[in-house]
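Two complexes are shown next, each including chain A; its partner changes from chain B in the first to chain C in the second.
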Partner chain A sequence: MLIIERMIIDILLNFTSIEQLNTFMAQPRNVAIIVGALVAIAAALPGVFLLLRKMALTSDAISHTVLLGIVVAFMIMVGLGANPDLNSPLLLIGAAAAGVVTVMLTEAIYRSGLVKADAALGLAFPFLFALAIILISHYVDNVHLDEDAVLVGEIGVAYANINVHCYEQCDSITITPDDARAEFGRRCTNCSAGGLSPRDPEAEFETYCINCGTHTAAEAWRERLIDSPPVQVRWPRAITTMGLIALVNIIFITLFYKELKLVSFDEALAGALGFRPTVLHYTLMILVSLTAVAAFDAVGSILVVAFFIIPVATAYLLTDRLSLIIILSPIFGIAGVYWGYDLARGYFWGLPLDGVLQWLDSIIELNGYTTWNTSISAAMVLMLAAIFVVVWMMSPRYGLIATIINRRLRRLQFEDQMLLVHLYNHLGGEREAEELALETLHQHLQWPRMKLERVLARVRLRQLAKIQHGQVYITQAGIEAVRNFAEQNLPVEHQEQIIRAVGD
Partner chain B sequence: MQYKSHHVWWVIAIMALIFLIFIPLSIALGVRYDYTLTTVAVGGALLGAISGMLGTFTVLRKESLMGDALSHAALPGIAIAFLIAGRQLGWLLVGAGIAGWIGAQGIRAITNTTRIKQDAAMGIVLTTFFALGLTFLSFIQQLPDASQAGLDQFIFGQAAAIVRRDVELIIIVGTFALLGILFFWKEFKLITFDREFAGANGYPVQLLDLLLGTLIVVAIVLGLQLAGVILMVGMLIAPAVAARQWTHHLGQMTILSMMFGAFSGASGAVISGIDTGLPTGPIIITVAFTLVFISLLFAPERGLLWTWWRQLQDKRRFAAINVLIDIYRHACQHDDPHYPAPEGYLRALRGPIAKTGLYYLHKAGLIRSVGKDKWALTDSGEAAAIHEDRNRLLWALYRQHSEALSLPSIREEREIDIRHCLPEDAVSQLEVLANELTDKQNLES
Partner chain C sequence: MTEQGKSCNWALEINDLTVAYNSKPALWDVDLRVPEGVLLAIVGPNGAGKSTLIKATLDLIPRAAGSIRIYGKPYRQARNLVGYVPQRGSVDWDFPTSVLDVTMMGLYGKIGWFKRPGKKERELAMSALEQVGIAHLAHRQISQLSGGQQQRTFLARALVQDAQVYFMDEPFAAVDAVTERAIVNILKELRERGKTVIVVHHDLQTVRDYFDWVALLNVEMVAVGTVYEAFTNDNLRKTYGGRIAGIGAASGAIDVTSTRDSAEYAEVGDAV
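Coming up: the complex of A and B.
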């Protein structure tokens, strides 16, 4: 882990200086946004395939049950006498195992044939999560695994959780009494044993070295034993963890893009072609678990689900192409992270939200809730949702507005066609005078009179029908329109009938 | 013995008995039912029963995960209600109900107007509402007012916080829910099992959906303080899934589900009431899941053990009947019904199941061992073999002529007596055909 960090830092130092890097990483905002962006990338990639395979809520289930993996791994570490460490790779293994166990338990319940798929998931994960909570509350005390961390995460303090990498003046310094820098003091040897005051004449003294021993570079600088401070890079751990997970996910998706695509859209075909959908399926589940557990610290176990689902759903509303969805989803995720941090910190697009609250307080009583203070990860999720809603409304093809407009256009078109077909069918027929009379036409179509007038106005504007002597007639252009409509919309045999009829 | 639907009443009675034993047993184990614990236990039982009742419909409508989504969606409502009215259970429930209801409509809007499927829609609504709830909660946490501590119970469930007034409220709301279910029983049953039929018969399906959905939201919201947001889905569906295994009748399933729910709720509340270190929700879920596990394993007709036993029986019967017929035909070829067949011949004919078949035929006294590894039919064996042979002939005729004779169409299972499967007149028609056939064969020979 440390070696990888060192490599990343070495690469970065080609572009920037150590001071700049330290200043940058000391800013909570920068670190939170970088970590959040990495979470967004890492989660969106497997999320695409979860959504396509209609398994979106599996991510919810897994993100809960990784807790069981963590707790069990934790207990094993304690049982082995190791120092419990929340950054141990054992936790990752436990989490991956828990994810796989969740999926297997769900499938086992489902395969018994006694329980439907949705209920199987709804049984499996609460049970595993309940086990985790019972274990935590009974066996694991005073650890970071408290309930708030499970829910919310602490992306805001990611900047404080660092590894220090030293670049210059790194050696620890050993001071011996012979050293020029050694300082000496005097202390009473028999004062405490004999109950004497140091001023007492019987007190005996010895000389001893105050600063002898081994000092780390940082301590040595604090004691001014060396002339210049050690040159260190303070690197937030979360960036490395999340970065690695994101990288693993990117590699997985790139390598198995074709297979994943095949399995997501046609599992039977994939099986017939000799792929092993099961292996791919479980690998995907392991990646979801690893992502969930790595994001655990940053955004909490429930909100990480939002990073799996919402950006992908947003991209899914915009395009049909899988490659585009894969590219767009992380971008929406990152946008949500970026604006979400500002929202949480009270300056949203330059709008001071504290001021808004105080203004609201002056209008309606807010009972003192005038300081803007929210959880950062929750605000990020809210921004993800806001982006989703905007796209949902505005998407040119699948958006709400486009859908409403399309539906309305189709209805208008249908009304026009109804009228034209009616006019056409009765043209030259026995009861033409009665059926086409302007006064009674709406009754034959069983429309309100107003509706008929609207439709008729539209049709006449397009010169598809005309009114003569209180009768409505279809024009030549109208007959053409009916013919086109018949060709486009009816099954072949009906088309032939109508074309024949029109031809007559 | 056949498992009939009225036997479920025995299961229900046994559950009631377990309830009765549970109280003295827990007293014997050193539980002291003081005022608080009684309140908590009664509250837990009531909430469990309400969740069980409405969970039945959720499970049957294949909307189990809706429980998960809506319980999370209720959080912002709880928080806003707290901001406005303070810690009063009634208002918190109203807030939760409104928020959950809006969440449900949000899910419907997304699935109806886009191509996003229900699972992803639930995920979107769930996380968004939960994030909204957390945002409001972090506002509440700024307050010096200590009473905000009570809100944590909604996330993880804390039965110990249930007081007398809460129980009264639960009783009132629960009674309304029960009356609603009873009053619209027929309608709810119809939209659960056959929406199209209900719609075609002029029932207001949309309205009934909304009503049932609202009642489910009410159950979730009430249950939250017991099981908590995350585990509520388990509390809603586990009793129903367990109950489903025991019966095919909606009414029985609902009653059983209520009892399972009440049992899990009460025992969870009592256990966590004794050891306050344990949150209530997880205990309830563990108890409920144990019930599900027992039901899946042991339920008659559907349960895994039952299925396994039945398959074993079928396999044995299949082997026995086939071997019996083999011996009979072998004997017929030698014109002596008691002519012994060598075991090696039967094994070559039937494969490994021959040994199983011989074992069970011998045990039933249908064959006897004659000399070394040779088996002959006994008198009763001969009768049974003739009967089986005839049965096969009838089945074969049924397959050939069922359409011509317009007999009822049933699944063909040659090992079962056809007289149990077809009505009498149909069988007698086949018998006539069979007699004609055997007469013709006799003439030819």
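Coming up: the complex of A and C.
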């Protein structure tokens, strides 16, 4: 882990200085957004296939039951006499196992034929989660695993959880008495034993070296044993963990894109062609578990579900192409993270929310709730949801606005057609004079007069009809339009028939 | 078992196959031998185990007993001899992918792990789509297909597999007369080229026209053979049991079809 971290830093140092890097990483905002973005990438990729396989709720279940894996891993560590540590790889193994167990248990319950698939999930996951809670309260009371962390995570303090990497002046210093930097003092050798005061004539003294021994580079600098401070990079651990998981997920999805697509679309064919659907299925579940457990620290077990699902659902609104969905989903996730952080800190696209609250306080009584302060990860999820809503409204195909506009356009078009068909059908008919008279046309169509005038204005504007001597006539272009409409919208055998039948 | 050499003559050879879901048998002691180069219909009522028979043959579900050989080899070694068209309803047609993409899936087995389909695969898929008459829909999203077009897509996907034995689960379900004709022509063409095609079929009226062999299945295998030998009133009665209301002396087959569950079989007209 540390080696990988060091490699990342080495690469980064090609582009920036250590000083700049430290300043950057000391900013909570920067670290929170980077970690959040990595969570977004890591979660959205398996999320795409969860959604495709209609397993959205499985991610919810897994993100809870990984807790069981964590607790069991903790217990094993304690049992082995090791120091329990939230960064141990044993945790990842435990989490992966818990994810697999959840899915296997669900499938076993389902296959028993007693309940439906959703109920099977509903049985398996609370059971495992409850087990985890009981084990936590019984065995791991003293470790840092409180509910707050489980539910919402602590992305805001990710910047404080660091590994130190030293680059220069790193060696520890050993001072021996003959070193030039050695400092000496005198102390009484028999004072405490003999109950003497140092002033006592019987007191005996010896000279000893005050600063002899081994000092770390940082201590050495503090004591001014070295001329310059050690050069260190203070690197937030969460970036490495999340970054690795994101990388693993990217590699997995890239390598097995074709296989995952096939298995998700047609499991039977995948099996028949010799791609192992079960193996791919469980690998995906393991990745979901690993992502969930890695994100656990950052965004908590509940909110990580939002990162699996919402950005993917958003991308789904925009495109029908799987490859594009895979690219867009992490982008929406990152956008939510970026704006979400600012929202949590009281800014909504630059609008200071404290000011808004104070202003509201002056109008309605807010009982002093005038400072905006909220959970960062919750705000990020809120933003993910907000982006979903905005995209849903704006999306050109399934979007709310597009749907409304389309429906309205179609209604207008249909009104035009009804009028034109009426004009067409009675053109040259025996009751032409009566049916096409401008004054009474609206009665024949059974429309309000206003509506007729509106529609007539539209078709005249497009030169599909004309008024002559108080009669309304369809033009050649109008006849074309009627034919086109019938061809596009009516089944062949009905076209003539229906054109004739419309109108009275 | 003793005639190991002779068994290679069969395109498909199933011996004593039993399959159970939760200890409830879906197939019971089924034997089926299909020679090369025939069009075989598997008929039987809903829940007779027709889909199960195909899935067991393709090793998709475990079998409780029995053996299955394709050209004398177990499925695992005969994989590239087999083409498969699942029941149309078994996949989600809202899946975000195109007709061409779905067709190319038939080639994934040949491409193998990791590698992506390239230009050659694209061309193969296009020519298969031309064969089934929907090349113009190649880039369309599958969510925008009609039932008949979906079925043609699946057929194209099986064609690119370039197999020796094809298994098709209800390729005629909910397609219009034009599509049905087109599919039948393709099946007959496959037979001309020496392929064996095994089709789950529900329309008893057309069995005689479309197929030369028939297998009547209802958990147990009632009869297998040429249509002439096996497709008799007697066998149909055994297969469909009490569900047959009044088999006429003249043409049992047609009377049987009149009792079909109308919701299941409603043939939806489908403009292609």
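Structure notes:
One rule holds for everything that comes next: the second predicted complex is superposed on the first by the 383 of 504 C-alpha atoms of A that agree within 3 Å, B and C clash if a C-alpha of one lies under 4 Å from a C-alpha of the other, contacts with A are read in each partner's own complex, and residues count from 1 in each chain.
Quick note on the criterion: a residue touches a chain if its C-beta (ideal position, glycine included) is under 8 Å from a C-beta of that chain, and two chains touch if they have at least 3 such contacts.
These numbers were taken from a predicted model, which means no experiment stands behind them.
In the superposition on chain A, A:211 makes contact with neither chain B nor chain C.
Contact with chain B, but none with chain C, is seen for A:64 once the two complexes are overlaid on the shared chain. Within the superposed three-chain model, A:273 lies in touch with chain C and out of touch with chain B [touch as defined at top]. After overlaying the two complexes on the shared chain, residue contacts for A:316 are found with chain B and with chain C alike.
Contact with neither chain B nor chain C is seen for A:30 once the two complexes are overlaid on the shared chain.
In the superposed model, B is the one of chain B and chain C that contacts more residues of chain A. When both complexes are overlaid on chain A, the residue A:112 reaches chain B and chain C alike.
Put simply, chain A uses residues 54, 112, 316 to touch chain B in one complex and chain C in the other.
Those residues of chain B lying in contact with chain A across their complex are 59, 62-65, 67-68, 72, 83, 110, 113-117, 119-120, 122-124, 126-128, 130-132, 134-135, 138-139, 142-143, 152, 155-156, 230-231, 233-235, 237-238, 241, 244-245, 277-279, 281-283, 285-286, 289, 292, 296, 302-304.
Chain A contributes residues 51, 54-57, 59-60, 64, 109, 112, 114-116, 118-119, 121-123, 126-127, 129-131, 133-134, 137-138, 147, 151-152, 302-303, 305-306, 308-310, 312-313, 316-317, 367-369, 371, 373-375, 377-379, 381-382, 384-385, 388, 392, 398, 400, 403 to its touches with chain B in the complex.
Chain C makes touch with chain A in their complex at residues 21-22, 55, 58-60, 76, 79, 82, 84, 86, 90-92, 95-98, 101-102, 105-106, 108-109, 111, 113-117, 141, 143, 157, 271. Of all residues in chain A, those touching chain C in their complex are 52, 54, 111-113, 255-259, 261-262, 264-266, 268-269, 271-275, 316, 319-322, 325, 491.
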